[in-house]
Amino acid sequence: MRLRGSLAFILGLFLMLGVGWFVFPLALYEAIDQPLQFSHKIHTGEQVGMSCEDCHGFREDGSFCGIPSLENCVNCHSEPQGKSAAEKVLFERYISTKQEIPWLVYSRQPENVYFSHIQHVKLAGLKCERCHGPHGSSETLPQYQRNRISGYSRNIWGQSISGIRSAPWDGMKMDDCERCHAEKSVGASCLGCHK
Amino acid sequence: MSDNMNHKQEAGGTRPVRHRFGMAVDLDRCNGCGACMLACSVENNIAPVPEEADDRKGITWIRVYRARNGAAFPEARTVFVPVLCQQCGHHTPCVSVCPQQAVDVDQETGIVGQIPERCLGCRYCMAACPYHARYFNWWDPVWPKGLEKTLNPAVAPRMRGVVEKCNLCHGRLQAAQAKAAAEGRRDVRAEDYQPACVEACPTGALVFGDLNDAASQVSQLARGPNSFRLLERLKTEPNTYYRSKRRWVRELAAQGVTRKEESVG
Amino acid sequence: MKQTLIDRRHILKFLGGSALGTALTPLPWKVLDDVSIWTQNWSWIPVPPKGEKLVRHTTCALCPAGCGVKVSCIGAQPVGLFGLPGHPTSRGFLCPAGLLGHHLPYDPRRVAQPSRLMAESRRALPAEQILSELGKGLARLKADPAAGRVAIIDSLPGRSTSIAYRRLASQFTGGAYIVPPDPVRRSLGVFDGIAGEAYPELGIDVKRARMIVSFGADLLEGWGTPARLLSGRQASDQGPLLTQIEPRYSNTAAMADSWLPVRPGSELMAALGLAAVLVNEKLFPADLLPSVQALNEMADFRELLAALPPSRCGDLCGISPEAVARTAREMAAHFPSLALVGGNCSGGPFDKNDHLAINFLNLMTGAAGGEGGIVPRRSLPDPDFDVEGAELASPTDLSQVPDESIAFLVIDSTVPRQAIPSALIQRKLVPGEAVVLAFASGTQYSDLSPYVLPVPLYLEAFQEIPTPSDSPVASCSFSVPLVPAPPAAVSSVQWLNRLASSARLDWPELSDDSLADARIKGIWSCKRGSVYGYSDGTAKANSDFASAGELTTVFKSGACWLDSPADAVKPQLTGSAYFRPETWGRLRRAVNQGIEVVSKQTNDGVIVMPFSTALATTIASPLAAKLTRESDLYARPGVAVISPSTAGRLALQEGQKAEIETSNGCLRVRIRLDESTAPGMVFVPVSESDASGAHPDPRNVCEISEDGVWRATPAKLRRLDV
């Protein structure tokens, strides 16, 4: 009896440990495909040689372009530049119908968050990779994993369900911002980062 | 107008000097038009409240009150007093009572910033604020169909159940900081940042600037004669100064003002 | 005893183990974190649009003042309107209505489809049906003028579009082209011609006046071009001395240096009393001596002024004799001092005798024809446009049109304001048969059951804003389209083309572009004045533009043209009405009538006077309620403001329901007490935004005289026990 009791306990323990560590992360995130498989490597590589700022640049008033609009793509892609399936999708579904591409943004934050790219890039001298990782040299876009409860990307909490950061660019929660701000003794008033 | 480019050399690079943003309100110029109230509502995506709401449940981050001299016709006189968050400088009552730390004083700008997302809606701060400058979202915001397209992206809309108040147009401060960064500066210029109410005021009754900058117009007006602050005896040391040449107006500021009760019938 | 395989304890231990296991995983904390994020991101909280911040410019078209507007846009969508600091006239000013202009297209009351409006509802109708029915009606009236006249009310006269309306009126025998009452134009009409033929028009140089005596003019709330007095940061303490003479403690009275609370209807006596002091104490400018001597030769003049010494004047007006004398002396000490007559669309115009009496002060202070006063100006250059063989009807006032004579009324509501009370219009319509057609974007005049052909709103079309009536120089600017108009809303010119063709009138095809081009060409050809471009903030001489096309390009991105000021001209005062004996006979009779009216005001009844409350336009932003409901800055529609002593006399209390009864009807109100209100007065705010049953238009219960005046109405006020 006691053995069975301990067995039940241990069974429950290991079952939930398994669920919490392995099943839960699988169930929590929903994989969604990007509208088309954009290859950063092709655009930033030797053949085309663009830099981050060419598409993700700053305007005169200091605001950040974010994900570029279709107009930006059409600057070069008014005619097909290659033979890839992704480009075919670009033309058929978006350029010819003049519809903006509904990209899924990995770093999307809630509405009340204000992040000023220009202060971090120009004044603090941070490189894009510091927060976005080696995204600019990726061959394909990583799978967008949407948290079923909160609606945001897995990139925000971090890849690991434990919350332990594997790299400086893993995770974009407020804690991650606060950690770096504390290290660099930079301002941390609420309205500096919220709106 | 001084150039706010005072920098102090500190280890690790230059840091901008601390500001103390404040306002000087000329009560002899305010004509009660309400342009400031509307400009504020447009800039900060302030929601309209349902038909059944009255002035106790409305949301007006800046509100122009009528105060009277107490005399009867024909000696009765009115003064229009715009009241917004006074940006208390010392012993901010709302900060000291908030259980959520949903409001903080920014040491670099002197702005008392309210973060609705942290607020749990206990409204203790509304009771604590002696100036009635805080407003509660009794309802979710509802704009007529299509009007959401005209919302200002610099300010996030709030849901029901949270308190909000004037933050001296933080969206505009953030934009001014971004502009400064684009030009390689760490500090905003006085001409790049003014709240919406100040911009909209047609008579120049609202003057805004850095009270720490002795040469600025707001500093001079604040130190000038006939200048006073509301409820000075509470020692909240607000960064909002008022002035009037009329003695009865200055005396009114030291007292409380009772709201007229509306009898039902 | 048989042991069960799994019993309660096993389950509990299992659950215990699970709980411990769960606690050792990130699951509870992650779920908590995610759920809290979920609760802060409800889908029904609107998310503002994202995009590039752009700045555009336009001219506000909500009233004739035409202030410059800086438009903050996200992409193509305007999200905020602010004043334009560099604009030579408005200098950064934008009134509460202008600040909310970008919300107007979203007002549920916006009429975007051809419809028939009733007092509380509307019925969409196909445009063809409206056009063919109304076209037939017009054709019938053309054939048989005895059935009634055709009249047009133009909300913004002086535009090139107005040509179309004037032409329409001239097509019909007895056709009337009506312009809304304008106090400035009425005042200036008194001095018509004093500057000779070179300067056929007059304006008011408010900025250079050293003193303004305003008879009910809401100078700080919307009179004329408000920016001229308020102009932004330049509003200095050295502005003109302001004496406000009106029964109500308006916001302008609150800001004025002194307020003389005269009885309603006694304004002309106050004016003549002031004139009497100026004449008798010889306080007028020395060069007016010959004129005064000429005036003194008229018996009526002498006797009228002799009958109004300060004591008598003060007595009649309800102010102290000292106030009368002091005001007159202040006027003399502050030449140029300017007397202005008020009258907005809520309170209604003053009558012609009031204008005559009050403007006499301008004669006496030298303000007529001089700097800081009533100044000559050139007209806005005519559009370079040849409407073949066209006759254009001259503007007239609605009160001049005989009662019950209008069978077809066209109302242009480009300025979305119900400028004339429906009761006055109703009086002029042929009972039972009249047809009303409105070119409108809102529900104004809905109680006249008009057919509405929708037109674009401000920010949706290229609209001309001609010289405001008070401007000291001719001017013209255009409002620039920034958002698309609803598909069914086309300009009134296009509707007129279709209507005229349906009625088989002799009508040239007009187009908005050709009318605008014609106006711009006219301006360019005169080679005078300067053009201020809003986007680059610089002024360029008109003569520096190589072609009218270049000028058009500048107008299309926001600009205004200002004429150069007139040369100094010696005014021909002796030609004015004041040197004719009949004028003084008329004024004597008017004063006697005024004395009768004023003496009747001391009985048990009350006097009702409507006044403007915030944003008196018919369609409004929901944020307008911040001024009337979410604060008590402006009187809420549906209240009646009375003094505590009147309330005591009539046993009324704050917030109580009451009823105002006049000879024209009843009005339900809620009482609001205000110590600054004169005893016996009832001030009722007119808020045209709620012109439906919820808040009926108070103007409709006022007594409207034959002259179209409804300023003060005797009434009874009683408690309503419901």
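First chain written, first letter: the chains are A, B and C, and each begins at residue 1.
Following the convention adopted for this analysis, contacts are C-beta pairs under 8 Å (C-beta built on N, C-alpha and C of every residue); 3 or more make two chains touch, one makes a residue touch a chain.
In this text the structure is predicted, and so the values were computed from the model without any measurement.
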Exercise. Hey, which chain ends up farthest from chain A, C-alpha centres compared?
Worked result: C
Seminar exercise, completed: The pair of chains with the most residue-pair contacts is B-C
Exercise. So what's the Cα centroid distance for chain A and chain B, whole Å?
Worked result: 37
Problem set entry | Whole-Å gap between the CA centroids of chain B and chain C | 31
Exercise. Whole-Å distance, chain A centre to chain C centre, using C-alpha means?
Worked result: 54
Problem set entry | Residue numbers of chain B (touch at least two other chains) | 117, 155-157, 175
Exercise. Can you list the chain C residues in contact with two or more other chains?
Worked result: 40, 45, 47-48, 50, 53
Exercise. What residues in chain A touch two or more of the other chains?
Worked result: 61, 63, 110-112
Seminar exercise, completed: The residues of chain B that touch chain C in their complex are 29, 31-35, 37-39, 41-43, 45-46, 48-49, 53-55, 57-60, 63-66, 68, 70-74, 76-80, 117, 140-141, 143-153, 155-159, 175, 196, 199-200, 202-204, 260-265
For this session: Note which residues of chain B are touching chain A in the complex, please.
Result: 12, 103-104, 106-109, 111, 113, 115-118, 154-157, 167, 170-171, 173-175, 177-182, 184, 186
For this session: Sort out for me which residues of chain C touch chain B in the complex.
Result: 40, 42, 44-51, 53, 72, 74, 77-83, 92-96, 99-100, 102-103, 105-108, 220-221, 226-227, 230-235, 249, 251-252, 254-255, 259, 261, 614, 621-627, 629-634, 643-645, 653-657, 673-679
Seminar exercise, completed: In the complex, chain A touches chain C at residues 1, 4-6, 8-17, 19-21, 24, 28, 59, 61, 63, 65-66, 110-112, 147, 149-152, 157, 161-163
For this session: Would you tell me which residues of chain A are touching chain B in their complex?
Result: 58, 60-63, 110-112, 114, 116, 118-119, 122-123, 185, 187, 189-192, 194-195
